[in-house]
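Chain nomenclature is as follows: A, B, C and D, assigned in order of appearance, with residue numbering initiated at 1 for each chain independently.
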Amino acid sequence: EPEVVSGPAAEPDCFAPWSADTKFFKFPKKDGPYRIALANGYIANTWRIQMVQTAKAYAAQPDVAAKLKEFKVVSTGEDVPAQISAINNFIDSGYDAIVVNAQNPTAFAPVIKRAKEAGVVLVAFDNTLDTQDAINVNVDQKGLGVLWGDWLVKHLPNGGKVLEVRGVAGTSVDTDRHNGIHETLQASGKDFKVTEVMGKWDDGVAQKVAADAIATNGPFDGITAQGGDTGVVQAMIDAKHPFVPFGGETENGFRKFCAKFSGEGLKCTSAGTGPAQVAVAIKTAIAALEGNVVPQSVKLPLAIVSDPDFKDGQDYFSGESDNFFVGNSFPTCGINFTAQEIMGQSKENQ
Amino acid sequence: MVPVTANALPQFIRKADPAVLTAFGCIILLLVIGGIYSRSFLSPEYLLQQLKVASFLGVIATGMMLVVLLGQIDLSVPWTVTAGAMMACAVAAYGPVGVALAIPFGIFCGALIGAINGIGVAYLRIPSMIVTLATNAVAQGIMVIYTGGFSPQDSATDAMRYLATGTILGIPNAAIIWLILGVATVFVLGRTSFGRSVYGIGNRERAAYLSGINTRRIVMIAFAASGALSAFGGVLLAGYASKAAQSMGDAYLLPAIAAVVLGGTSILGGRGSYMGTVAGVILITLLQSILSVMQMPEAGRQITYGLLIILMLLLYGRSPAIR
Amino acid sequence: MEGAGPLFQMEGISKSYGGVRALQDASLSIRAGTIHAILGENGAGKSTLIKVMAGVVSPDQGQMMLGGNPVQFASPAAAMEAGIACVVQELSLIPELSVADNVVISNPPQRFGLIDRTAQRRIAEQSLLRAGAGDVHPMALVKDLPLSRRQMVEIAKALTRKPRILILDEATSALTASDVSKVFEVLKRLRSEGLALLYISHRMNEIAELADECTVFRNGRNVASFPAGTKSDGEVVQLMIGREYQNVYPEKPTAQADAKPLLEVQNLSWANRLHDISFGVKPGEILGLGGLDGQGQRELLLALFGVLRGLEGEVKIEGKATKLDSPASARKKNVGMALIPEDRKTEGLMLPMSVRDNLSFASLDMLTVRGIVDKTKEAQSIDEMVKLLAIKTGALDSPVSSLSGGNQQKVVIAKWLMRHPRIILLNDPTRGIDVGTKQEIYLLMRRLADQGAAIVFYSTDYAELIGCCDRVLVMYNGAVETELLGDEITEHALISSALHIRPKENQPRERVSR
Amino acid sequence: MKDWQYRLAEHRGTLIALAIFIVMFAIYTANHPAGFTANVVQTAANKGALLAFVAIAQTLVVITAGIDLSVGMILLLTNCLASWVVVGSPMETAFGAVLVLLAGAACGALNGAIVIYGRLQPIVATIATGAVFYGVALLLRPFPGGSVNEDLADALTGKIFGVVPASLIVLLAVILLVWIPFSHSVYGRAAYAAGSSEPAAYISGMPIRRGKFLAYTLAGLVAAIGGLFLTFFSYTGEAAYASGNAYTLFSIAAVVLGGVSLFGGKGSAVGAVFGALAFRTIGDLLFVFDLDPLWQPLFQGLILLAAVSLGAFALFRVKNRLEWFL
């Protein structure tokens, strides 16, 4: 359906192409207001809850709301076929665009076919799709691993023992980040000895396995963790493990620790995949429906904050919950939510 | 008339279930194997760390054992744990009273979920496997709404932290709590009419009912207790991690069941001892921990974990032959 | 009857369970075309013996010969293959399957590798008819049938196998007199067809009617074999119990005290099954419930014990209207009721639990202080009961399932007597119990009555009602048909009221076997 | 009672499940923006059939009074395997599909062997084998990927004559070719009997061990059909732990909704199929009711709770309290 055109995209700062050879799409212009759906998979973790709340908040912004006739969210759980069916249902019900956080990057080929036939714009984000036929909006997961790897190489000029706390086995996000870290450490030519454990992107699990690793294989000279970072730091504190350089995600709790213990050696880089990318995905979908040129694959900037730049009230919030992901704004796209305003919104409403 | 030969053995060995003894044997074997891999598996720090972590599972498995003894099961553990943790932290936002009430309130919420399970199983006679599955989904739903809509406080109180991570004379407080709970459980199961009724109902509820036991109340209490203990486990976990988080209970359901059964409790109810559950909890915790730090790909870890459990069960967990 | 050599022989069979010797060097020899009765008190090893024969239990020692050839059965299936079918004391029916499924179970008719349901139904109907259970619907689930019907289905099932040897272990213990007579016809026909039948029963009258040969077991050994009818009942019983035996029933008190009834029932009705029942029982009185099986006697006992919902009418304890809505409320001190239930295995006992735990289970409330069991008191009470009822058990800590049927029944009674109940409801308590033990139970009942208990006693055995009861209510179709008092309680009266035949007008046609 | 009354009683669980499903599905399609169209039915059928296969597998084990907590992991394992081998020429594809089915049957047989000959309690034995199966799945697919013969996949997830969902035909075929023969065979009866009362079945000389073993093995086989179908549906393989566990738990819910007794000996795979379809419709209802996204999980939980409580109404008619206890 979409025409493949040459760039640049409509808002080049926001809709940055993934790479030099990324295709650009121009969909036939449709008249608004549009019906847009968000097909989420799993819902019961903070990241996803924050994401759904951000999506709602974004769709409710006056200028966005004016373009929308309907915005519907469905979460289908862990089961891929349920999500595929939900998208099929949206297609059959005549939605104009569908935004999806895919439970599986490779499983949606049949759906993509069907969406294409029906002229529906499909935009994937966070867990994107392995395809050239739908729009992807994502941070560079492997690049995230590279970033963490570089951080460790920089702080451990002589190499050393590294603890890598991984995510959920069998997911592409985990694999990409892991590969990024390993290729970087290897390429440095220094002697790194890596102990891997699976933290499942969960603070409790990450804390437990980190504690075990510290007790048996520690002490470590550097640590990297994807998700569960707050728990990993907690494990270090409990074990009285010396603070060492750390590459991790953007949980508020983790950044609190980074700011607090920077002087004692907890030198952090914190970067990740903010839940607000859902807003970018919706924005992309609208742009595509309006007939604007958009890249097939949008690369989001990593919201990186590194030691010693952690500022309270901006990069982290000392009075707030540990659990939300701070990196929640994409200024180049005009998306400037703070996490607390998202997670606290109903409270204020009451 | 006890045969004379048996009298020669000391009472506690004679009475001990061979399954429990073998389970403890397996623990020692596991440590030896771990020790061969790396000396640090035998270090006091590592062992105390395991004991601490085992205590969380131990508290949860205590509740699971109660319902398993009744011939039931509690699949609502994941979100009962989470709800207990999240509610305890949430209530702490309400001033000093809130802080003081955090732990009891968290436990209370778990007891409430457990009570709903109990009503379903005891009064509505719905199979426990399915009511508890449903209440788990309901608890999850409530927690999602709550987190998304109310921005609850989720950091643990100092008291929770102290219980979970503090030590007395080098012994983790969590382990002391588990010990106290364990002694209480042994007493309740062995010496109270509630405990006897639990075993009786597990064996044959109809006969227990006709003996004049209010079996429905006992079942209800056991489920409420299981919910409360799961939530208490959640409170401790929140103390351990300093905070409550979504899905923090996911990792506890299957290990809790496995620990209870590895400890020789019959999944059909009516048979099992608490010492067995203790052994099962330690076994599972050690196994998970040792596998986690041995540098083996996740696939290999899962396969080894599964095979070792089967192996241990074949060693001592077999049901009697029909003839 | 042909005088050929024995069809089946066992020699030197021994079997121990832990320390318990169930069988010791036992032997048996049975011939085709005969009914061979096995007698012995509870725990003598009868059931174990036939389990060995049927491949259910493997003996520790000994040989078996079938038709002169040595045999060994690795499983029940193997024994069945060899033509041995067994109607066991523990019912072997599958509760969730239909009667027809159960009847053809070991060899269902097949078409194209699948079970042929139509043929199965035909076979089942024939077998049921042959077993005298034509009234059982082949599509009914076994779990929905009353015990007596199940027992008939069990017999039909055994017949379907067309066995050479048919074993019946207390197969009639749950049957009513009329069923028993039907079964007897069947058994006699089978004998004439050349089968060898092995018959175990505690009912001497049945053995007298049926058996050609008798073997008496005591303490796991066969102590005597003799042709039936060559010894008097007294002699046989003496062989069984190893001592002299007389005067089965205790003396009844001559006059009833004119005390107020302890338990009174007024216009009790329930769910179309009980109709307008009224009666009273005084302390010291044994009230019998008679009638054919399934006329509402069991429901009446359950209703009194608080098990049934939606009762109409009134129950009074000591003249006070009392609401009994659970066994828990019935056993309370101010009521003091106890029920010895119908099926000891599923209603009376927790089989895998120890004898000790079973004994104290119904009295936990009395043995605990604020919920905590007083171990000393518990041990005392248990001791007392074991002595009172002379329960034979290896160790109090062994599972109650390891006791013989009779001793299990004693445990059920004991666990209730521990509460010192004032009102005792007994639901056919002597089923499957040997004469010696039966007598003990009769004596006990009378003693409890003398001490002031009010007893309601349902029995399928008319002789027991006659021997034990001061008064009998004969039930028919959920209502009290007749009340018989003192000397009026005769077999004749019991049967004619049970069959709903007005006495005087009609003589009972059918003489129920004795 | 008349014959038909007994027949009705025999199929009561299945009929109730059918009724629940019809009511839910009617509510769903009545409120669906597209209405009761072939596409909507196809979408629902594909999703429903997948769970239905797993539910049939679970039923096979549950009737023996066992439970298979590894069934979701067998689904994953066979999905991952299929994403390697069910590709290429028609011959290769067919060979691959057979291989996948054999692998599933082997997993089931392993469960059966451990439970029956190893005499382990099924709950914990299958938790352990589930870990093993998941590990193997992860070996096969350390991250999502692979491919499948798309022509076959499209055919089996598409519509026949543009109306009838092919997945339902496959489902029907499984019932006719696997379930009916098994449940009407001597071994099937032995499996039921063992579930109802193992000692009685043993004393009756039934081939209980072979019957149970066959039930476990067929369960693996049918789960593998589910795995194949998952591959057809998604064109790919993935060792998604959470998803495997979800299928296991859903299969239990489906089986119970379908009137199969978790205590064994009672129920039918046909009921479980309707249970699965009904369970899936619970999720679909989200789509047609305009619920706040955060309230959706709670809504699903409450409907599930309500659905499983339905059976409790029968309780109020019970006049003999002993009937509470089985």
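For this structure, a couple of remarks:
Heads up, the rule we're going with is that contacts are C-beta pairs under 8 Å (C-beta built on N, C-alpha and C of every residue); 3 or more make two chains touch, one makes a residue touch a chain.
Chains and their UniProt names: B = ABC transporter permease; C = Sugar ABC transporter ATP-binding protein; D = Autoinducer 2 import system permease protein LsrC.
Remember, predicted model here, so these are calculated numbers, not experimental data.
When every chain is reduced to the mean of its CA atoms, the largest separation from subunit C belongs to A. One finds 44 Å separating the Cα centroids of subunit B and subunit C.
Centre-to-centre, using mean CA coordinates, subunit A is 34 Å away from subunit D. Averaged C-alpha coordinates put the centre of subunit A at 72 Å from the centre of subunit C. Shown for subunit B are the residues that touch two or more other chains, namely 140, 144, 148-149, 206, 209-210, 298-299, 301, 323.
Taken residue by residue, subunit D touches two or more other chains at 138, 142, 199, 202, 294, 296-297, 321-322, whereas all remaining positions touch fewer. For subunit A, residues touching at least two other chains, in rising order: 43-44, 49, 52-53, 169-170. Pairwise chain contacts present here: A-B, A-D, B-C, B-D, C-D [touch as defined]. Touching subunit A in their complex are the following residues of subunit D: 32-34, 37, 39-40, 43-44, 46-47, 50, 137-138, 141-146, 150, 153-154, 157, 230, 233-236, 238-243, 245-247, 250, 280, 283-284, 286-287, 290, 293-294, 296-297. Interface residues of subunit C facing subunit D in the complex, by the touch rule stated above, are 54, 56, 75-77, 79-80, 86, 88, 90-98, 101, 105-106, 108, 110, 113-115, 117, 137, 139-141, 157, 270-271, 299, 302, 307-310, 326, 347. Taken together, the subunit A residues at the contact with subunit D in this complex read 38, 40, 42-44, 49, 52-53, 56, 72-82, 84-86, 88-89, 92-94, 103-110, 130, 168-172, 174-175.
Those residues of subunit B that touch subunit A in the shared complex are 38, 40-41, 43, 45-46, 49-50, 53, 140, 143-144, 147-155, 165, 237, 240-243, 245-248, 250-251, 289, 292-293, 295, 298-299, 301. Of all the residues in subunit C, the ones that touch subunit B in their complex are 19, 56-58, 75, 305, 307, 326-328, 330-331, 339, 341, 346-353, 357, 360-362, 364-365, 367-368, 371-373, 375, 394-395, 397, 415.
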